[in-house]
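In what comes next, chain A is part of two complexes: it sits with chain B in the first one and with chain C in the second one.
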Partner chain A sequence: MSALRCEDVRWAGLWFGVTAALGVWDLLFLNRPAFKRVSIGFVNTFAIAFMTAVCTLVLGWAAAVGLHGLESKGRRVRYILITFAINLARSVPQIVGILFGYIAVASFRESGAWGAGVLMFPLLALCVAVFVFPEMTDLIRERIAHFSASDFYNAMRVCGVRERRIVNLHILWRNSRIHIFNKLISVFGMAVFLLCSVDFIISVGLSSDVNEVSLPVTLGGLLATIDSKQDILAIGYTVTHPQYFPRLFFQHLQGVTVAFLIVFTLLCVHRVSTGFARRHRL
Partner chain B sequence: MSVIHHSISIADSGRTIVAIDDFSFVENEITFLFGESGIGKSLLCKALYGLLEESGLSVSVDGAAYDRHCADAWTRQVRRTSFFVFQEPSSHLNPLMRIGEQLAEGSLRGADNEREVLGRLWQDAAGGAAQRICEIYPKPYRPSGGEKQRILLAMAFKKLRLYHRDYAAGKPPTFYVFDEPTGSLDNAYRNLFLRLLFEAYAAGPFTALIITHDYSVISEMYRAHRSLLNRIHFKELVRANDGVVRLRDFSADEYLGWLRSQAPAVRGALAETEPVLTVEPSFGAFGRKLSIYGDAERRRPAPLAVRRGEIAYVKAPSGMGKTTLAKLVMGLYPADSLSMTLCGMRITHASSRSLWPREIWGKKAGMVFQHADEALDLEATVAETFTGLPLKQRFNDAAIVRLLGELFDAGEGERLLKRRVKYLSGGQKQRLNLLRSLVLDTELLILDEPLNALDFESIKRVLAMLEMKRRGGTALLMISHNEEIFDTIVDSAGVYYLGEENGNDQG
Partner chain C sequence: MKSKIFEHILSIVFVSALLITALFAVTDTSRRDGNGGGKYQSQQGLGDIGFVEINSPFHRALLQDVADIFYPGSHDRNVSLVRAALLMQERALSDRLQTAYVKERLTPAKMAALAGMYVKFLVVYIVVMFLTYYGVQTLAVWQFVRERRRAGAEDSLGRIIARLAGRLASFAASMVLFSPAYVIAYSMRTDLNTDSTFFMALLGVISNGLLMVYATKFHAFLTAESRKGYVETALVKNLDSSYDAGRGGISAADILRPFKRFDGHVFDHIYRNARFQYISTIKEQAAFLITGLIIIEMALNIHGHLCYEMLRQMLYKNWDVVIAILLAIFYTVKLTELVADAWAHRAALRYENSTARP
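Coming up: the complex of A and B.
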């Protein structure tokens, strides 16, 4: 019960509870093909968003530790080149960058290369992570810089503890994992938002190279289907015809479910992240 | 002679931070309170003074709720008549008010001895230096730590003057607390503070509790204030079990007798042709030119040399650059100019920075940092503190417990093994900080304030362990404010003095 007093645990629990209840409702009232589509879209979106968080962590950690190593060894040229590459990724608007990434992924799939089907999820996650990881790198570098200026770091170095161990184990794992995990929660939310936005853009037909046939179905893609669009329009219709409102939950379930899942998930991720930061006094 | 007894308990979320059954001191007399850092000395005094904020804490004094203690007549009276000199002078001063304004804030405005007190604390009869300080706003770097501490002491002496003036007839209770009042002062200023305190005491007795780690005040009392010894008490706070502490009488003879029994380690006992470390007298860092001298008057520059089995002791006033010198030797700071030989390697300010991690750190030389709190990974457990060190043999839990046994009580090592460092007291952290470097098999060991935060028992154990290390052939380079102890155990030929190269330091 004491865990429920924490804002982050409460919101995470709320998300699970409401999503499960919605699943049961859809199972009862949504037609089978639509239910299957929503379920697949839901699982795909969250699987890719989760993989994005993992890729972001790996890229951010590697870049930050690599830059720290190059800086302390005085290798200026390599340091500048990597910093330039990171800043280049940072300078590209995320949605534009991911769209280009999707084109590359779609052409990879259409080339029929071996393993193209298996690799779709991690490749899509990597596309998103490439444009998100500079934030993770900044956080990790900030943590390393903070501890490097303290006696903690130097006291270990003069005792002969290896630099790699101090940075990876002592600074990042023991003293920064809470900060990093909090960032990953935000990255997860950001990935859901970006995936849904980009998939929506693709699915409404802005690109002829990339389409929902060549990419896995996500909640964003589902929202762009004609059925969902009609369901969303029905929500607007209830403003002038309130008596129509109960029918949203029976006749327009696909669009309402997809829209609700996106918005509710983003709200919950935001509250979980804020609550987590508050609980750990970050 | 009336003795005041209190029982105090302070807990956080059901965990006892500190609890004592009998926190007692004699009214209208002066008590020096010793004990290792983090044991709860300041917290108990703040609780008694009514200064603790209860948010998140569960505090009770004499079995009653804390708000009742704060509303008690004794507490209210004490807060009117007395003063609390906080341990960290920087956090006591308001950065938005000039120091002069703060010296005359509230009731202090009525005291007429400000010029006199400042003049004496700055040893400046004309009052020019103190007056300049009064004009500035306190900043982290200005005035210096020592000056900030003297400002707080000036406030306390002003309050004492008010007490003597306003309560000439009936004397209400007092409770002056000086929490580490000389932590940033050298011995000369510490002795000056004691002189002023006893002069004020001679004008009319008051109750004072002086929290300190500096056991050499005992010698100073016996040297300069013998007539007051019957009004002085030495007490030590010791740990009974987790969080629970008790107060015991600390015998002055215990310290003085031990000090008399110490003899300097004879230099040259394990003499070799080449010293482990030689630093040329003149060096520079951060735009400052400093020099090492072989005499206290700083007239005779001398290279700092320490051989196997020898101890060298570097003395200088606070802020002169003792730690900077240690960090230059260990390659942690870039030097403007430096020339030294370390384990046969010629090193200058132009030497490659990669030399230290490759050849020196943990292999040829190690260093103990001054503040254990900042030098240890607080999130690691005690056992994890020893992982990753370049040791010749694998260090398992049993070996760690054996090592801890050198500086911790029997059974304490096993109990602490899996405990996170952040939950240790200041004294325990300092002992762990020392052990992490002492376990290394290096030819040179630099120790920056190794006796910081330790109680007397721990001081004795640490010195015994250092002696063992020295006998084993390690060269030790000491930096410490604890002059009395190191002047006793270090041969005078191994004492070096640090100063500005032009000899203009104001030490």
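Coming up: the complex of A and C.
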């Protein structure tokens, strides 16, 4: 009960509960082929978003610790080059970079290269992570800078503890993992948003180059199908014709389900992240 | 500040050099490909026979005789070789005719058209940027003041019902604010003209979660500032600290004002310090905003707009036009970063009471 008082736990529980209820409803009232498509799109979206969070953590941690190492050893040229590259990735609008990354991955898949099928999900996750990891790098560098000015850092250095151990174990793992975890929650939400948006754009505008054979289906791609578009049109129709509202839950289930899953997930992830930050006073 | 300006200029030069080199490479490749179906004939081992006229019986007979001379003793094979080569030449001509309307080059006329689209994009971007800057701060301030009012309020049945109704309305509003632009736009397509620039700007403000995410960040800055020592000192020294709407408090007009001031109230200092910290977040907000505008233009297929034009040119593989549009978007991002850094630097100088030149 005390856990339920926490806003982040409440919203996480709400998301699981509502998604499960929606799953049961769709099982009862959505036709089998559509249910299968929605299920696959749901699983693919969350799998890739989870992998994106992992890739972002790895890239951000490596970049931040690497930059700290270069800075402390006085290797200015390498430091400037890596900082320049990260700032360049930051300056590229994420959607543009991910779009070109998707086209490259689709070409790789169509080339029939060995392992292309197995590597699809990690490659797509990497495409997104490359344009999201600078935020993680900034957070980790800020934490390192904050604790580098503290007494325990200098004391440990004097005692002969290796800097790599101080930074990775004491600063980042023991004193900053909550901050990093909170950042990963918002990265997960950002990944869901970007994946669905890119897949929607590709399905609408580039379907002759990149199609569902070359890329896994996500919720965004499902939303771009003609059936889902008609279902979403029905939502707007309901605003001006409220008596049509009950039909949304029976006749227009595919599009309404996909749109609801995307929007509700983004809202819940944001609330979980905010609640988590508030609970730990971040 | 000088080092930041130098870094921005360096990245502009680097990316411009990279993309312009790619532009020239793409233009050169497409010029060579456009010279005819040479690649088709060369695959057949006949070399470049683009000069052969398919419809001329004399040319066809001459080509056959030449093939028989070069490959003697294999007349049947030469006949099928020439036939295949001529068929490929026909196919190449047919392809060129079919794709003539989609193949575009970066001509001065095309660049002028792109410039017009870019100006439209910039206007929408600037309008949406100002609206979201105002919207983020207003939402965050309203949320902060509401929390302070609620903390002091006594619970009654009326208040509980009002709070529940407020939460439901807030949930519905949050669902709209977090909706991706294409969900809102497609749901409104029957009732509104979703291709208009006004609707695009409206979507840019209310969709993609932009307002909510950055309002939460600004609210976090306000909350962090409210816990600092100088605020508690001001409260002890009896500075106004009532968040009620009445006299000495904070009214709705104060919250909605574009240039917010809360004279004589402790919140004025909290707000100013939070706003100072927020200036550096504007770069991140601008990048997210541009991402949102690109999504809106691409997903809604808004004709005559820059990002939809980029998607269309990507589909038709006119890479020179794509590169030109990419450069334009990159310059927009860089200009925003420069302006945000300059603004942050000026604000820092003011608060440090420094008159030193940057």
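To be clear about the criterion, the second predicted complex is superposed on the first by the 279 of 282 C-alpha atoms of A that agree within 3 Å, B and C clash if a C-alpha of one lies under 4 Å from a C-alpha of the other, contacts with A are read in each partner's own complex, and residues count from 1 in each chain.
Here is the rule we use: contacts are C-beta pairs under 8 Å (C-beta built on N, C-alpha and C of every residue); 3 or more make two chains touch, one makes a residue touch a chain.
It should be emphasised that the depicted structure is a prediction, and the values quoted were computed from it without experimental measurement.
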item	value
Combined model on chain A where chain B meets chain C, clash or fit	fit
First (chain B), second (chain C), both or neither touched by A:K73	first
First (chain B), second (chain C), both or neither touched by A:A20	neither
Touched partner set for A:V43, first chain B, second chain C, both or neither	neither
Which of chain B and chain C A:S91 touches, first, second, both or neither	second
Touching partner for A:L81 - first (chain B), second (chain C), both, neither	neither
Partner chain in contact with A:A145 - chain B first, chain C second, else both or neither	neither
Partner touching more residues of chain A, whether chain B or chain C	C
Touching partner for A:A62 - first (chain B), second (chain C), both, neither	neither
Partner chain(s) touched by A:H170 [first = chain B, second = chain C, both, neither]	first
Overlay on shared chain A, then closest C-alpha pair between chain B and chain C (Å)	6
Chain A residues contacted in one complex by chain B, in the other by chain C	none
Residue ranges of chain A in contact with chain B within the complex	73-74, 150-152, 154-163, 165-166, 169-170, 174-175
Complex interface listing, chain A residues touching chain C	84, 87-88, 90-96, 99, 103, 135, 193-194, 196-197, 200-201, 204-206, 208-209, 223, 229, 232-233, 235-237, 239-240, 259, 262-264, 266-267, 270, 274, 277
Chain A partner contacts - residues on chain C that touch it in the complex	7, 10-11, 14-15, 174-175, 178-180, 182-183, 186-191, 208-209, 212-213, 216, 220, 284, 287-288, 290-291, 294-295, 298-299, 301, 308, 311-312, 314-315, 326, 329-330, 333-334, 337
Touching residues on chain B, where the partner in the complex is chain A	327, 330, 332, 353-354, 357, 361-363, 365-371, 374-380, 388-390, 433, 436-437, 440
